[in-house]
Amino acid sequence: MDTQIPKGASARPEFKETVAKTTWQRWAQSDIWHSYKSSPVIIVSSLTFAVLVLGAIFSPLLSPYTPFDPSSLNLMNGFTKPMTANEFTGDYFLLGTDDQGRDVLSTILFGLRISLFVGVVAVLFAMTLGVVLGLLSGYVGGWIDGVIMRIADIQMTFPSIMVAMLLYGIGKGLIPPDLRDEMAIWVLIISIGLSEWVQFARTVRGATLVERQKEYVQAGHLIGLTRWSIMLRHILPNVTGPILVIATISLALAIIAEATLSFLGVGAPKTQPSLGTLINVGRQYILSGEWWILLFPSLTLLALALSVNLFGDWLRDVLNPKLR
Amino acid sequence: MSGDTPLIQARDLSAVFDVSKPWLNRMLAMEQKRFLTAVDTVDFDIPKGKTFALVGESGSGKSTIGRMIVGLQKPTTGQVLIDGQNLFSITNEKQKLAMRRRIQMIFQSPYASLNPRWRVKHIIGEPVRAFNLLPSGEIDKRVEELLDQVGLAKSDGEKFPHEFSGGQRQRIAIARALASNPEFIVCDEPTSALDVSVQSQVLNLMKALQRELGLTYLFISHDLSVIRYMADQIGVLYLGRLVEVADRDTLFDNPRHPYTRMLMDAAPHIDAFGRTAEIVSGEIPDPINKPSGCSFHPRCELTADQCRRERPEVRVFGPEKARVACHLCTA
Amino acid sequence: MSNSPLLQVSDLIVEFPTRSGVLRPVDRVGFDVRAGEIVGLVGESGAGKSMCGSAIIGLIDRPGRISGGEIRLNGERIDNLPEERLRHIRGKRIAMVFQDPLTSLNPLMTVGQQLIQTIRTHLPLSANDARARAIGLLEEVGIPAAAARIDAYPHQFSGGMRQRVVIALALAAEPELIIADEPTTALDVSVQAQIMALLKRLCRERGTAVILITHDMGVIAETTDRVAVLYAGRIAEIGPTRNVLSTPSHPYTVGLMASTPSTTGSLHTLSQIPGSMPNLRAIPKGCAFNARCGKAFSPCFQDIPVLEPVEGSEVACWLYDPAYQNTKETSGASE
């Protein structure tokens, strides 16, 4: 039998037989990982973001000084230039000091912590609210849908920073004066969160309208599942892609919103300065020559917002093959 | 109904949908409300262990009937009786759940009918959990049993739906439908998205399961050849009305309604080389503005004056008791 | 038919490079189409039948490409033409009819505007003459009151009428060949019968050749003169339709016919082919059908069979290879 000359032998490309894959193999072979590997911009921006997040988390360990402990401050250290030793005390500051003699690097690390904390918690809050309202709106429909979407429409006609300022003002007014500084961060979080939920709600509603028509949802009805069970266990897992994309983009927006509010002096208090507060402080010295007090916090904010935004854009492209 | 009642009885089922434009648009355009009668006084029985098939083209209302029979949609008028009990008048939650367990459905799309984020063993096990049929420790074993029953490997339970071909997914959907030990399954175009060679696998599997488990089927399809293979009794739908109901052999040997004859002639035959089907004029009319009298009259080869004016009532013909809604049918 | 064929496809290979390797949805496909003939390409999903059609008309999406073989129209090679020259052939000499008529019609232009535009792109006619011709075409494809309906938009037509408009568009420049890719799959049976009758009539009257791509054996039987059965990108069997369908030779064709239910003839249990069409990434070595074939024996797992004449058709199967005629009877299916 082997004497037969293979007539039709053509070099058909060969592939290995695929068997059941582990979760790790699934991930390693996925388009997402492949796209990540082949995109230098995303590798750089995700690494930048990772470094900033680690810096924020470990700021108490990484900071060379404790900038908000009044006892450790020395006014003689004020306005030290970056990368030079102070002429009076001989202390060395990598990024210089501000008017109070606080180390700029340390204030940035702590400010980053506040900025990220406000941003992340505000987005989580907006996401929870938006996802629940979006699911309800899309799945239950009727007048509930009408009410939720009209509120969303009205809110969308105002710039979100204006909504946040308004809510912040109301929040401040409701809190007794002696608690204001303590509660300021939480008021900030709720204000930003309430100004960002609409994007989540709209996206989730749209995706839910598509999913609820699908037959697996009807199969759920047939076995008597409750509405909540269908919404949370069946529909929600299928709309996570768009939620993830919006969350990333919202994080960048929330960080900028927080910085804007703090810059305008209505956000994080002086006792817990965020990047925005630091930029506001630095602004006063730009004309008198102490440029580092403004420049370094600004660059940090830029790096943070840009890396999150680029990551979000990439995620949207990867998760939505139609755009490619 | 002397003796045993049929398992499923559809009594004068109708479904009317409001397809009007929103209130404000309607006011501005000075329009009346518009209604679509998707299903119009449809009446049939399915004896236990048998397959009743509904055949019809688009707009015939066949899927709507399927949804009403399983309780996914309430009929505008009429009743669905399961073992003599009205499906829509059960108020007790416990009884409702018990009734749901007995009725399941297999859907058309093998892609949309399985949740893409769930592992197959969770998809198949869900009805068992929802109806509390087994203690949670025994569910995995039951899932393996079901996978085996539909011709899949036990290890397939760990995979996700996208790892299967269309035919295999339909097997998973069948396993899920069987999970609650139902007596009655509505099959809505279960093979129309599948390739021929895979379609025959699924059809044969469904027949084998019917024999083994004594299942009763309502089989919905647009494909007469598939219907002929599966059904004991066939109902032909046109624009929401049953125009003819007969046993399979009666219907294929002696189609009485002109629409049934037209459908049979138009269906391509694998052994009719070079044949040109007799061309029927026109297409299915707009179901919102149905023709007067018999809705088939504009396309019918016979058409008398009466057909334009009067809606034909169902009459019974022959020793086989074929039910036909046509003025001109005589024997 | 001694004259040379209108279209000659030989050893056509289409490849798609992907991350994990090169996929080959069409592998050494060859067939001829003569003027006035209807040739069917039949197969299940993944057989490569639509890809063949796209390759002939030069519409393969990037990064796919024709990587081997030839396509000749009236003797002239068209598979390696630059895009600009290809555009002259597309529409003018070869036209295409797709499954969904809505995607081939522009919703913002009237049917008449689209027809006139196509006519004037390919033929030197004045606006008035083109309009008259457009009305003539609509009448020819059976649209009632064509002169009035020419100014209607696509959404004002029913599904069947829209497919007729698409066929009129395809005919606009008097092409020599029409490629119809599942033209009736989205339509009801009664309308399907109308459209198939129309295609057959046009083919007869105008001498236009048609390549009909479908998965429906019934449509193939009633419409085509010759048929090629495709499996995993290769032709399994090709020949006169009556020959291939009533006395199939390739085990796949045999299985396909036996698993197709019918509305006529005796009712018997449908036979089934185990498994399903292999994924393009996992096509078995040797004959692609070997894993599902009840008659597979050793060479089927080694080498790819080529088309050989068998009883009036051509079949790519080792069972019919003279070198194995004796061995298969003795060792046969047991291997």
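Every chain is named by a letter (A, B and C) in the order it is written, and numbering of its residues begins at 1.
Rule of thumb we're sticking to: a residue touches a chain if its C-beta (ideal position, glycine included) is under 8 Å from a C-beta of that chain, and two chains touch if they have at least 3 such contacts.
Note that this is a predicted model, so its numbers are computed, not measured.
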| request: Return the chain pair with more inter-chain C-beta contacts, choosing between A-B and B-C. | output: B-C
| query | Which chain maximises the distance between its CA centroid and that of chain C? | reply | A
| query | Distance-wise, how many Å sit between the C-alpha centres of chain A and chain C, to the nearest whole number? | reply | 52
| Cα centroid separation between chain A and chain B, in whole Å? | 49
| task | Averaging only over C-alpha atoms, locate the centres of chain B and chain C and give their separation in whole Å. | result | 32
| task | Enumerate the contact residues on chain C facing chain B in the complex. | result | 44-45, 158-161, 188-194, 196-197, 200, 215-219, 221-222, 241-242, 245-246, 255-257, 259-265, 267, 269-274, 276-277
| query | Given the complex with chain C, which residues does chain B contribute to the contact? | reply | 57-58, 165-168, 195-201, 203-204, 222-226, 228-229, 252, 262-277, 279-280, 283-284
| task | Can you check the complex and tell me which residues of chain B touch chain A? | result | 70-72, 96-97, 100-101, 103-105, 107-109, 112-118, 126-127, 130-131, 155, 158-159, 173, 176, 180
| task | Report the residues of chain A in contact with chain B in the complex, numbered from low to high. | result | 20, 214-216, 218-225, 234, 237-238
